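Below: a set of structures, written as structure tokens.
Below, subunit A partners subunit B and then partners subunit C, in two separate complexes.
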Partner chain A sequence: MGSKYLIFLGCAIPYRVSAYEISARKVLSKLGVELVEMPEFNCCGLPLDPVSHEAMLILAARNLALAEQQGLNILTLCPGCAGTLKKVNKILKEDKTLREQINAHLKEAGLEFKGTVTTKHIMQALTEDIGLETIRKAITKPLTNLKVAEHNGCHILRPKEYIGFDNPEDPQTLKTLIEATSATCLDYIDETECCGAPSVGVSDKVALQLARDKLSHIKMVNAQALITICPFCHIMYDTNELRIEKMFNETYGIPVLHYPQLLGLAMGIPPEELAFNELRVDATKIVKQVTEGAKQE
Partner chain B sequence: MAETTPAKEPIKASEIDPKFKYEIAKMHGGEKLLRCFQCGTCTSDCPVARYSDTYRPRQIIRMAQLGLRNRVLNSDTLWLCAACFTCTDRCPQDVEVASVIRVLRNLAAEKGCVPQVFKDQAASILESGYAYKIPELRIKKRESQCLPPLPKGNPESVRKTLKNVKFFQNTEKKGEPSGQ
Partner chain C sequence: MSQPENVKKPEELRIGVFVCHCGLNIAGTVDIKQIVEYAKTIPDVVFVKENRYTCADPGQEEIRKAIREQKLNRVVVAACSPRMHEPTFRRTVTEAGLNPFLFEMANIREFASWCHPSNPQAATERAKDAVRMAVAKARLLMPLQTIEVPVTNKALIVGGGIAGMNAALDLAEMGFQVYMLENTQSIGGHMAALDKTFPTLDCSICIEGPKMVDCGRHPNIKIFANADLVRVDGYIGNFKVKIRQNPRYVIPDRCTGCGECKDVCPIEYPNEWDMNLGTRKAISVPFDQAVPLIYAVNKDYCIECFKCVDVCGARQAIDFEQKPEEVEIEVGAIIVSTGFDVYLPYDMPLLGYGKYPNVITSMEFERLILAAGPTGGKVIRQSDGKKPHTVAFIQCVGSRDKNKYPYCSNFCCMYTLKHVVQLKEKYKEDVEVYVFYMDIRSPGKGYEEFYDRARERGVNFIRGRVSRIDEDPKTHNLVVHSEDQTLGQPIEIEADMVVLATAAIPKKGSDEIARILNLSRGADGFFMESHPKLKPLDAPTDGVFYAGACQGLKDIPASVAQGSGAAARAATVISKPKWKIEPIISVIDESRCRNVTAKCGICVDKCPYGAIKAEPNKAAQVITASCHGCGTCVAECPQDAITQMHFTDAQILAQIRAALEKDPEDKILAILCNWCSYAGADLAGTSRFEYPPSVRAIRVMCSGRVDRDFILEAFRLGAGMVLVGACHLPYDCHYISGNYKMKARTDALKGMLTKLGMSPERFRVEYVSAAEGIHYAEVITEIDADMKALGKEKIKAENAKLRPIIENMLKRKK
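For the complex of A and B:
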């Protein structure tokens, strides 16, 4: 085995989405992946893009330059970070003038972007490097009776030109990864729509309405859980689910799991080690169904 | 921020800046502004437009083409875009709508028109490397969660790389990121 990456955590995960990190590290280590910590950290740059595209390019290039010094490819859990680092890597490799401009800024801190590393989101690493075969082999408790829905999130899919990973209109990767656990992945209306997270703080009303649309479409197909692969989408659905329920006077009660939590369950990792207690919406029911179901078999 | 409807007032010829579109087209991501033929695909597929009474990407693009500089840049609605890139992927003219909107936001930010959230994140990045202030409690808790220590930021070095960026030069002058 032996894939080795530099793990780029991003800002949102250490800030408030630790369950994602805990479960991802558990699962990856069990799959034989070695993670090396970033020597130092700065934001990927994405949050600054709206105010200064140049600052975004510099911050992203800075991270890529640091990774280049380590000689390791980057793995991220956040699609926003992955999208930004990929996009900037591509832009700067192709546009010599811009690369020189950005490198002039980096030089102020003794750094240089060369374009020698790649960035992968965990989903991409799982499918392309580790491989579905290895994942399937690692499954000891197939989640046969579980019916879930998936939410990819925007930045792992779009803009297609820069991300070039899955089909943004009908993405299959997360579905395939879910089905590798033997769970059923249900289709629902507007699967690829935005969760609304980036509008929080500018218009909470619009943001929560978008998340509510998704939750109600997911409820419509009776999904037992929603599976996400993005810290921001997770905050929208899990942290805000109660708030949305109150705001619209509705009940969803849909647990929102990080994909590595689902995979971890199927790999027989004890639920206590997968940080289910960090989730806002109670997931005990499905955790129980999975662990007790497996005992019966 | 309250939503305003910048498009509803009648347009006066004196408001038009005929060179605005070229200024945008010179910026990274704004190159294809002139290709828009106003089909409305972006607005009809925009999730934000569905719930906002005022946010319409097609209209923003048109105002930019017309040269309504101040209306566009002073408009609060500009900041509603969720950067989901649906419009960019579906625009039949390949306008890169979300990037044009980002270019407009950058121009607005240079004038100091930025919602507080963005200013806060910029300040936090300069201070710690992270876009949010990570609570001490979280950092301490990592140990009990069997997580490795959080990589530290290098604010001094980050500042050096950002010191020649216009937005942050404004910051230095005023002691906080760009304007009020």
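For the complex of A and C:
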């Protein structure tokens, strides 16, 4: 309790999946976490890496240096942002020459990277800082009859040597967090496979095929919902689910929830406050099951 | 044994220096002419000669001739590492009538020409210094007599697998008494659990069984099965071994092996011998052919119904009161043949072992296809008991994997070929077989032909690394995701069963065996041999030898051959009535020993071998045959009352002074232990890793020998940097704990010197193994860079400040 972070939103969440941000802020505030705004943050740097590695390093280092000035650790919702900031922090801490080179650029803006703050994705903060015990205590409506599947995605786990969190070959954290709500987390084929998002723009067909394979495996085990923790994975499954259904002439009807939405439900936060209305795939059925069904049980 | 005191003023010194070209190995970089001319100018050197190959017969003859004609009484050879040819030249000088300990080597190949190839001038300077240092030591050398100890003409074999059994049988046939120690209930090892052997497909137990019986029946072999190695004391020729005989709750002499007890026993538990696929009774033998054929009760499972006791009746073989028993034996040589373990890939979740019932290991497959196995030779799926129609074999699970075991496990390709041939020949068209591999390694006799046989049987070989296995939750069939390098694309194969060829790994408990026998282990965890090429069967501890996979993974024919080889090596020791020990041991000067007047005994505490005794009011005594010659006591003695023969304070100080004669501020003085760091430095040379030529190295047997005074003297003389090289902590020290003693000593010294104003980086202790040539080169490069960064002026200033204090501390030294 009483944790305090600088919130780093990145690009995708505020513009495309605001439900993630809305639900996360609700849940975190209820768990006693204080989020400090930092409008000066720029892009995490990740999208620029293929164009200019140095520019990526500078962008990320600027964010880290700003946080260092505040003396606060960073919390992100997007695994891509977390991964980039973690990676750059580690690289620059270990490579003196590169650090001096990047700091020479930051100096123009009156900043210096020292490597004194850490970055955590919300999932890591929930397990490591806030703690499962606190989360369990905050649960007022256990999701006992809900059966869901999880999808971790890539950036939250890889590359292992930079992320240093969970096991990319057998990730357990999201499962544990889901089970903390008393929902059942189902195993399915291909759990650690890609959602397809990185291929969008290169070959939509490949991207949608990947997402479709996963959706069909999730359906195979009769999951009532899919839980994600990455804005891009969410877009892939939620925004594109109708498109996939049309393309492959199949129906899935699997609602895709941001983890804080699931947790929020279990914590008794009214569904309206968790932005369920922003989901493309209708989640009313399971929301109803939770809000009404729980009473019946 | 000779004492230093009885050497009074020796005759006039006549030192001969022989400079070796080693073809172009030395002469290609070092200017031999300069070395020769320089050597002539060194006082007491009366004869200098260069040879193309000093170690070859003509070169050795030159030495012998010069000793006779020039009346040389000390010989210095400037050539390769003493770790290479010191024994050779000691023999040479002995042949000419000189005591072998009046010989000294200057290492100008590994330590000059090979490690400074792009700087011939500096290499030549370093070689000159090496010659000067060797001559300085040679002046003070004293003749020593080799010590002889009696030999117990018996051997101990630790581990009764196929390698150990062959070693035991060979030694027993030579007429020696052999003890076999086996920690499981039967000898036989992994081979006894196999179905068939490649490439001949002969039945494993049919060929091994008779050998096991031979071991059990041989009058010269005594087997301690179900027993552990507790402790080993002593030394080559004279080991005292303590063995713990664990209780079987069955009296061996009374058990007839009839098995009536097993028949009435109501309890079954998973049989490890069957990879836990089958069961055995709470009173049983692990398998029918077990040797010794003595039943054992597993008390973890036994319900003490005593039906077995009733049926055993008058034979009275069962004794529930049995306790562990300690047995002491004496042997002259020990063969370690502890074998290997099989890796169970529970921690590779993408392959699903332990999660998907139809993913099994090769060892489990072995038990399934074995006619005497738990399924009677039927290959069936764990999920539904049905026969699989598609089986995928996956190679290199854990092996050749940087994240797990980087080495190749040697025999997995061949046993998988055996498995696929067996499957194909047993089920013909009824089974489709895939093998996913990186490389098929089949270099043995008849092995490639066996690979052909598998291909001719229609096995599908797919070159590619498997990334993941998924299970269809309904059918429990498996989808193998892999790359197919030939197609250049990812593929998926659906299989009914997947067999993982998992890595073979060092035997559990190897660390304990290593500690008890004072062995070292390589980075891969297998035991390190004394020399990878020339002494592949010898452990670093004299009198201990290796056989089989414990030294490095090998298949059955190689293990058998090595078992016989180890037997021959052990016989070289135990066939002799006496064993010669190098006399480089510690000698106590009774007149200086403090224990006479006060309670001291520091040497007793510090000796890693318990080789010193100190009775009250008497001078401490070294037990000559127990002394391994590390010199730790010498460095620890507060009275300087102990001398290590051939590595005396005077000799080492003379080397230090010779090393720092010129421009000491630009020099790194390195004192290296013989077994690890000196060997590592040699390897840097052998590997041609180039590093700065500012280092001057002195060899001691153990870093424990490094006296505080050596370091103080070096700084008093103005040394730029000082390095002490040792074996890695915690277990690598070849004298058990000499490196720890050195660490305690140097930590304190470093603290003091730093407090006195010396830059801490100027005195370094580094742990370099014999395999870490690159590390040695990096360390020297770093120290050199630190030295340059500090600058000569700063070093000089620090030294000037330190000198009076050090001089005061060294007053007691002459």
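To be clear about the criterion, the second predicted complex is superposed on the first by the 295 of 297 C-alpha atoms of A that agree within 3 Å, B and C clash if a C-alpha of one lies under 4 Å from a C-alpha of the other, contacts with A are read in each partner's own complex, and residues count from 1 in each chain.
Assume a residue touches a chain if its C-beta (ideal position, glycine included) is under 8 Å from a C-beta of that chain, and two chains touch if they have at least 3 such contacts.
These numbers were taken from a predicted model, which means no experiment stands behind them.
Asker: Could you tell me if A:Asn42 is touching subunit B, subunit C, both of them or neither one (first, second, both, neither)?
Answerer: Only subunit B; A:Asn42 stays clear of subunit C.
Asker: Can A:Thr251 be said to touch subunit B (first), subunit C (second), both, or neither?
Answerer: Touch partners of A:Thr251: none, neither subunit B nor subunit C.
Asker: Given the touch rule stated above, what does A:Ser29 touch, subunit B (first), subunit C (second), both, or neither?
Answerer: After superposition on chain A, A:Ser29 lies in contact with neither partner.
Asker: Classify the contacts of A:Met220 with the two partner chains as first (subunit B alone), second (subunit C alone), both, or neither.
Answerer: Only subunit C; A:Met220 stays clear of subunit B.
Asker: More residues of subunit A are touched by which partner: subunit B or subunit C?
Answerer: Counting contacted residues of subunit A, the larger count belongs to B.
Asker: Just to be sure I read the superposition right, which of the two partners does A:Cys194 touch: subunit B = first, subunit C = second, or both, or neither?
Answerer: first
Asker: State which residues of subunit A lie in both footprints, the one left by subunit B and the one left by subunit C.
Answerer: Common to the two interfaces on subunit A: residues 169.
Asker: For the complex, give me every residue of subunit B touching subunit A.
Answerer: Residues of subunit B touching subunit A: 1, 3, 27-29, 47-48, 50-52, 55, 79-86, 88-89, 96, 98, 102-103, 105-106, 109, 114-119, 121-122, 125, 129-132, 134-135, 138-139, 141-142, 145-154, 157-158, 160-168, 177-178.
Asker: Under the definition above, what is the set of subunit C residues touching subunit A in their complex?
Answerer: It comes out as residues 348-350, 468, 470-473, 479.
Asker: Once bound in the complex, which stretches of subunit A touch subunit C?
Answerer: By the definition above, subunit A touches subunit C via 167, 169-170, 187-190, 192, 220-221.
Asker: Which part of subunit A faces subunit B closely enough to touch in the complex?
Answerer: Contacts found on subunit A: 9, 11-12, 14-16, 18, 21-22, 25, 37-43, 47-55, 58-59, 62, 98, 105-106, 108-109, 111, 154-155, 157-160, 168-169, 193-194, 196-199, 201-203, 205-207, 209-210, 275.
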